[in-house]
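Please find one structure pasted underneath; my questions will follow.
Chain naming follows the written order as A, B, C, D, E and F, and within any one chain the residues start at number 1.
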């Protein structure tokens, strides 16, 4: 019953790169606050941010067979997104699979399951965002699917969507919206740069954003 | 329905400083084991400890309007304590607000909600203890209150209370008890220093604290 | 009602050392995937792995009296394994106890309870894997037991069992199986070494492990 | 930025009815084990099962304004599916909204947020499956969307999809697959009926499903 | 270090009774949405609501000695509120203590710890709201306090405060606000009664509350 | 690698019966507070208590093949105890398996995994204590073991141990201790009966257990 979709379109490499630079918080705002994975998906490394195109894996609990299948579908700049079909903390992925994935151009892994060999993965420079860390191994008995839509961390991921990930978590940008989201993200960053200087100088958000009147209107009073 | 209390008394700066040096575990002991936030409130940085005076924020879920209001109330040496009125993991606070808060003398943030831009916050040297990390943004639609009593991480915080925070968590010292707690904390540290040397030399707690008799009395037997 | 068992056999030091080098994921595989603690038991430090012989502690909630008793039973190369008798996040163990334990040759602590003074413990080079970090202190009122079988993180630990711990978690090797497990672990590492080179060169697991036929048989289809 | 889609197609009433009779476990199997919400979504009542067409709500945390908007879109036989845009346990829905929804033909509510007035809802015969029960009220300040795709309990729900819910949880059947899934579910139930009689008579699954050979082959041994 | 405060004022019995009839959701609204315990505090029985005056207990983890002390302080119409000083799921309270408490006029128990003998408690008609159910027993070794302020389920409870509890959870009304809150609650119920009839007749909240204009203004559009 | 142990000794039926009547809280006390499963293992039914002999199942995540194997090993009065080898909420067991198990004399199921068909199981009178309820199905691909020691809900269960379960949770009595535990449980119940009458008459535990002196000695003071 498993399916592998083989020729999934990806976004333009430059757009992906720039979304990664913008970072999760900015991209999520530029998306109108959609597409964020829940706060349970955490990085195993610190101070790292990037973006890539999603190669998705739908895998049975405790079975990582489809990871091998997915690796063949990887292209330069891809990120693996692995969603167990029911909650599972097992270590679906470790240093051997990362070696293989990196050899195919993979930039990292995002999973609502578990990962292992975390020390080795950090040493290899292979970034991971996962729900769990667990040495628990998996079997290779039941087929799943590759490059089908999956829900990971509460967010819908279609193959080819852009995954933006950093210390704040993971955000999913639909392939068709990538350019528009980037444009809004860059606009947002430009605006923020101006704000930052004024705030650093001690000016208050209350004044910069002209909030005092509306706060009074809503009934805020000072004692 | 929101209220901002504007002239909250703070503890003496030197007392605050020394409570920060004593650290959470020691201060909590010196308090008679009261005032500790629950173990869900965790630092986003490592190997950092400090203390400051609480400026409290009671904010609706997903609404950080009151943070702007609170920043105006900050003085040198304060710590923001933000408690959502119902459980909420949203990122109430990020690098722009931290820029603004630092410009007003703020030392850090403690929140039972979420925080974002964690990499930038670490880079800026703005410490945070939070229940969650999440890029999820917030709105500015509903007023809350500033400098009212709040419950954060299961602990009651009154404005002006001293917040002591380090890698072990966060402890709240009521303003009126600060000097007495510090005195007991320093006494405790002096006693511990002597114990440490004896323990390092291989002496046993069983003997130092004279526990063998009482253990036997309570029925402990060796096999 | 408490018991202390005093002369527990330990595994050969060299075997223990080598199991530590093999690491949790490999040892857990070599055990036939038994003995792993659940993913809630996490290290307070990063990039550290080791092994040691278990000195077990069964302690009442919020009572660390038995830790003092256990420290007397420590020998060079031991690891303390502390299991509260009901779920408890209190900080059973801090820098003073670590000073004492290190003076007796202890290599680290594994606990389904909580730990405190985590910054100091990292500075001392005393590794900890715990369910919780909490400054909450404990009392010394009720006896428990030392060197009895305990369940920690969902795994059964008998005194003298070998504890292998690293960034992926903690695995328990029964004393009587240590040599056999090590043999299988070393065999496994040798095999993996060969695989790693081929995967790094871009060869696919699908081919190395000859999976394509069986996948087709199970119904996987490409679109 | 909110959108309301007004003329969403629904499945045939008879098909929906029969899917409800089949129940969640059977329908989920007939779907190839897709579409199940996670085990955190639980009923507030016991021994109740039904199905209906999804009217979806994407709502900000702590803001139930869109529920009023959604109620206007309800038709006989619909089920409201409410997904907060970030985790939120607030009580989005209570007896007044249920009164209104029932007046428009609504059969129940499924939500990854919270619900209140649970006693009254049970008394009214309005079934609910929710992640949380909480009396915490919500505001009406920020628009969301109605009848857009949402992720609820980890499952993707498109407006018009068939929601099957009972004591085991909630399953989502895509509108376009409803007839095919029903056919497979009914087939499955027929087969199970035969099995049930044989099992009740004491025959073993090991024999009915002819498992002994394959178990031996996989290495199972009896001691 | 423990304290028992013996002559705590209580609210007027009739006010308490009426607050109980109003129920948690209504009272919480009438409080301006303050005072609600978090959604982790759940009833062990169904379809039960009441109110009473708080007799508070601050107890060490795994130690229920103070419950005996608190029972002596009970008066007709009181509710015990038990908060462990650190998170603890142990069964602090069972049928024997309930027998004793009922004999002193106690109406129920609210606890952020655990409870046991739940079947017997239901049979006795002694209602409980607790964070946990656990048969795990407790010791009587360490003193705590009775009738001091405690934080339970994230809410501050002062002795004598009115506890309102039903299937939606638990709300705390400060003693000094009881009459005012009741007045607002009754006003609210009267208003709701009128709304209910109109909603039951099929009128929409969108029209009753005149929301259409403001929704359009905030940018909601229909497709 | 799987093993089935076929001729496991059981406790005397009358002893088992009486342990079930004593109930979990009493038996756990009589065991010296050992053997209790954690508070996450909850009944799917209400007001039901019983005991039986454990037939244990160690099963891979998401794979219930071994349940079929275990059913053949059942005798009148047994209880199935199913522990996944890593955390798994899948529905390992439903009404068909219950039909089969009941036909072999099985009294119920205890599992740290999930269960489904809960409405049908209640209707059949087949009691279950489980960590999860989930309709998620399982596969039959990987062998596990039957009647080996397992850890379930944090408690060690050996095949043939007596499982006591009621609304408070689940307790495990080692086979060899059954008679002694029963004796202590019955003694305890006799003592409690006398206490209950005195407490119901309004006498205080403070006086019955003569606690006042020791409380004063430990520093409790009345204000």
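One rule holds for everything that comes next: contacts are C-beta pairs under 8 Å (C-beta built on N, C-alpha and C of every residue); 3 or more make two chains touch, one makes a residue touch a chain.
The shown structure was predicted, so the numbers you read here are calculated from the model rather than taken from an experiment.
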Smallest number of contact steps required from chain D to reach chain F: 1
Repeat of interface E-F, chosen from C-E, C-F or D-F - more than half of residue-number contact pairs shared: D-F
Of A-F and B-E, whichever chain pair has more C-beta contact pairs: A-F
Rounded Å distance, chain B centre to chain C centre (Cα mean): 31
Inter-chain centre distance, chain C versus chain D - centres from mean C-alpha coordinates, in Å: 41
Separation of mean Cα positions, chain D and chain A [Å, integer]: 28
Where chain E touches two or more other chains, by residue: 1, 33, 36, 38-39, 85-87, 89, 134, 136, 142
Category of the chain touch graph - line, ring, star, complete, other: other
All touching chain pairs, where touch follows the definition stated at the start: A-B, A-C, A-D, A-F, B-C, B-D, B-E, C-E, C-F, D-E, D-F, E-F
Touching residues (chain side chain B, partner chain C) in the complex: 23-25, 28-29, 33, 36, 38-39, 42, 46-47, 49, 166-169, 171, 192, 195-196, 199-202, 204-206, 209, 211, 215, 218-223
Interface residues, chain C side, partner chain F - complex: 1, 32-34, 36, 38-39, 85-87, 149, 151, 154-156
Residue ranges of chain B in contact with chain D within the complex: 60-63, 85-90, 134, 136, 139, 141-142
Touch list for chain A against partner chain C, complex: 1-6, 65, 68-69, 71-72, 89, 91, 94-97, 99-100, 102-104, 114, 116-119, 122, 132-137, 140, 142-143
